[in-house]
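Letters are used for the chains, namely A, B and C, taken in the order the chains are written, and counting of residues starts over at 1 for each.
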Amino acid sequence: MQSTNSLQIENKDENIIADSALDSYVVNPHIRVANLNLKIGDNHILKDINLNIPPKKITCIIGPSGCGKTTLLRSFNRMHDDSPNVKITGKIFVDDENIYDENIQVIAIRKKMGLLAQRPCPLPMSIYDNVIYGPKLHGAWQRRKLYENTKHYLTEVGLWEEVKDRLKTPANQLSIGQQQRLCLARGLAVEPEIILGDEATSALDPISTKKIEELFVTLKKDYTIILVTHTLRQAKRIADYIAFMYLGKLIEFGTTEQIFNHPQKQLTKDYISGYFS
Amino acid sequence: MIRFRLFKDKTARLTMLGITIFSLFFLLLIGIGLFYMSLPILREKNIWTLLTSANWKPFKGEFGFLPYIISTLHVTFIAIVIALPFSLLTSIYLIEYASKRVNNFFSPIVDLLSGIPPVIYGVWGTLTIVPFISEKIAPHFVEFSTGYSVLAGGIVLSVMIIPLLISIFCEVFSAIPNEMREASLSLGATKWQTVKKIVLRKSMPGIVAAIALAVSRAFGETIAVLMVCGNIPIIPSSIFDACYPLPALIANNYGEMLSIPSYESALMMAAFLLFIIIVFFNAISRLILNRIERRYQV
Amino acid sequence: MKLLEEKIFKSLMLFSAFAIISILGFILFTIVSKGFASLSWDMVSKLPGGGFYLGKEGGILNAILGSFYIVIGAVLLALVLSIPVTMYINFYLPKRSFFADTVRFSFDILFGIPSIVYGAFGFAVMIYFGLKASLFGGIVVVGMLITPIIMRSLDEVARLVPKELSEASLSLGATKYEVIKVIIRQLLPGITTAVLLAIGRGIGDAATVLFTAGYTDNIPTSLSHPVATLPLAIFFQLGSPSEEVQNRAYAAALILTIIILVLSLSARYFSRKLSKNKI
């Protein structure tokens, strides 16, 4: 009993530091996580997460595997809804709306965010149908407009020139790097404000990875981007802000420069200098 | 727009749930239905008498199921005795010895054997097995046999259950982890010794389950057996005698017996009897097989 | 000694594998050699004429078409039942769900129930409702027989659908129902294979249609008409004393066997080739 108490106090201390650290960087957060706790059965996966995600920037969540970074990312678009035994307390505000509020429609939340999974997962249909799948769900029906949109988003991810002659071929005939860009275009086509990437490049070859990374950097002028990554170098290359997690807790949040050059916590220092991974 | 989509979503979910629950009760429905329809005869007669009497005279109101039950048991027993060694040896060969190419060659053969309709097996049986028994085998043992006999039914049935046995045996054998085999082989055992001491012993429950499934399949097989077994309601005294299994009884008489009181109910009781026995055998073997699958899955 | 035993058993195994192959060959040979003589274009293109059952002219088009009518109706019925059940237990219920396991178990048992029990039960229910042997009755009872077949093979492929697929679609803002539609597309090859196998099983089964579908020399024009079926055509003609008619039974058996062979082969083909949109 005593020990848990002291642990909680310790937690709070850390959160205060994290909070004060980010306040100076983020005035108008796009996503605000407040006291988020997540349990799967008796496993406490996320512990008192407080985090502000700045708009139109790339935020990378880093940390050793099993630290809960993917779990945190998936709680942003309520992907845990269907998993049994998952209990979530706390709040996540997107545009000042608590997405775990009872009156919120989960499909509306998910429309606001595109998710890029670890391995590309094209839907079992043609390239064209993959891109228009989302817009059609949400009510778009004019063929002309759908086509224009498809062209626009495929161009945006740099795939248009490669596939414009075979839009009707099954999407799984593309190379894996192309598939991932298609998935990105598919996510962009529902006009989200936020892009979530769950180690989106870990299954790709270096060239495709570079393409995707460049895309993220261009896209951040219009979108808030949150990426989970376990390669520190990737975070260093493209992130504006970095959140470091360890054992379910948010240890430190700051600009990339700050985290890599002047980490406040010993844990962060050890992690980025490669003492553990 | 969103509301309509959510409404569709909810409707779809409830419909699916409804159909799922309905299908869950379907088994129960068949059981209760058959029981309900066999009630008249059960009220009239003692169940024990029905099952142990050999008197089948529907016109006099006597319904003794014994000849049919004995026939079913005889035919099934012969079928299992013939099918078991063949399918066991073949499955061992396929899983333990044969290359992938042999397996690829064999799997359509097993598929085809299990896909051939019962009536075709029946035609084949009457064309080949029946005359063979009556001309070549029976004369060595009895004075006369038409060939339409317990043995013919058993042989045809055995060919029909072989594919079922092979596919389950193969599943059961491949569920045994390779480490066990390697451990035995590394101790200097030959392949066959490994099969005998490790594979067969470890998969005993699965083998029993497969046999139980095959038995229940054999109990219920109708047309093919009916075409080759003679259909005379007496207790067969040798395997060259004609017999009359339960499913054949139902198939031959149901639909034409409405004028005789209790006849319909008696046939329904035959169906109910089959149903209960088969559900029982199936349930046991499925439970064993599910447990095997779960144990080695993790 | 050890090696001798090994040798003996290995040759026994080879012998039994060979025996099983030859039995299949023997069955096919018997059916083809007996049936081929009486097989003619008239057999598959004409209805039974006057005196057909005494060996006069005509064919068994009524039975061929009747069988297809019944099995197509039955497959539709079975799909309407088995797709929702498979989708529900695989994608709405959690992975280790007691309810889902119970449903699977009950379908395993339904799968083992012999066709004669379905036939007898179905006919008894039809009598209860005052229905006569008809196309409708045949469809419903054959549907009962093949629903567990289709459901079990669908369940097997549904378990292999990657979780990422439903997540990809969910993350685009799809409702669960819309996700299911995507998953069904993914399962199309599996559904096709299951349907082909079920057609094979349904078209060849005699005990289900023996009471419930009746027999007629005509092609049914309504659901309440009786309908002829191939297995019964074989069965009834074989019971005839006339050799002419018996030979036709063999020809009919050959036709049925060919249909089954084609179905079985195309099921194999589809399960491999139709997976082009699949991940």
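One rule holds for everything that comes next: a contact is a pair of C-beta atoms (placed from the backbone, for glycine too) under 8 Å apart; a residue touches a chain by one contact, two chains touch by 3 or more.
What you see is a predicted model, and the numbers here were worked out from it, not measured in a lab.
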Innermost chain, taking as reference the mean of every protein Cα atom displayed: C
Reference subunit C; chain at largest CA-centroid distance: A
Gap in Å, rounded to a whole number, between the CA centres of subunit C and subunit B: 17
Whole-Å separation of chain centres (CA-atom averages), subunit A against subunit C: 48
Centre distance in Å when subunit A and subunit B are each reduced to the mean of their C-alpha atoms: 55
Shared interface positions of subunit B, touching two or more other chains: 5-6
Residues of subunit C whose C-beta touches two or more other chains: 175, 178
Touching two or more other chains - residue numbers and ranges from subunit A: 107-108, 137-138
Sites on subunit A touched by subunit B in the complex: 105, 107-108, 137-139
Residue ranges of subunit A in contact with subunit C within the complex: 77, 79, 82-84, 107-108, 110-111, 113-115, 117, 119, 121-125, 133-134, 137-138, 170-172, 183, 186-187, 190
Complex interface listing, subunit C residues touching subunit B: 2-3, 5-6, 9-10, 12-17, 19-21, 23-24, 26-27, 30-31, 34, 81, 84-85, 87-89, 92, 101-103, 105-110, 112-121, 123-125, 133, 147, 151, 175-178, 180, 197, 200-201, 203-207, 210-211, 231, 234-235, 238, 249-250, 253, 256-257, 260-261, 263-264, 268
Residue ranges of subunit B in contact with subunit A within the complex: 1-2, 5-6
Subunit B - residues contacting subunit C, complex: 5-6, 8-9, 12-13, 15-17, 19-20, 23-24, 26-27, 30, 33-34, 37, 85-87, 89-90, 92-94, 97-98, 106, 108-113, 115-124, 126-128, 159, 162, 166, 190-193, 213, 216-217, 219-223, 227, 247, 250-251, 254-255, 264, 267-268, 271, 274-275, 278-279, 281-283, 286, 290
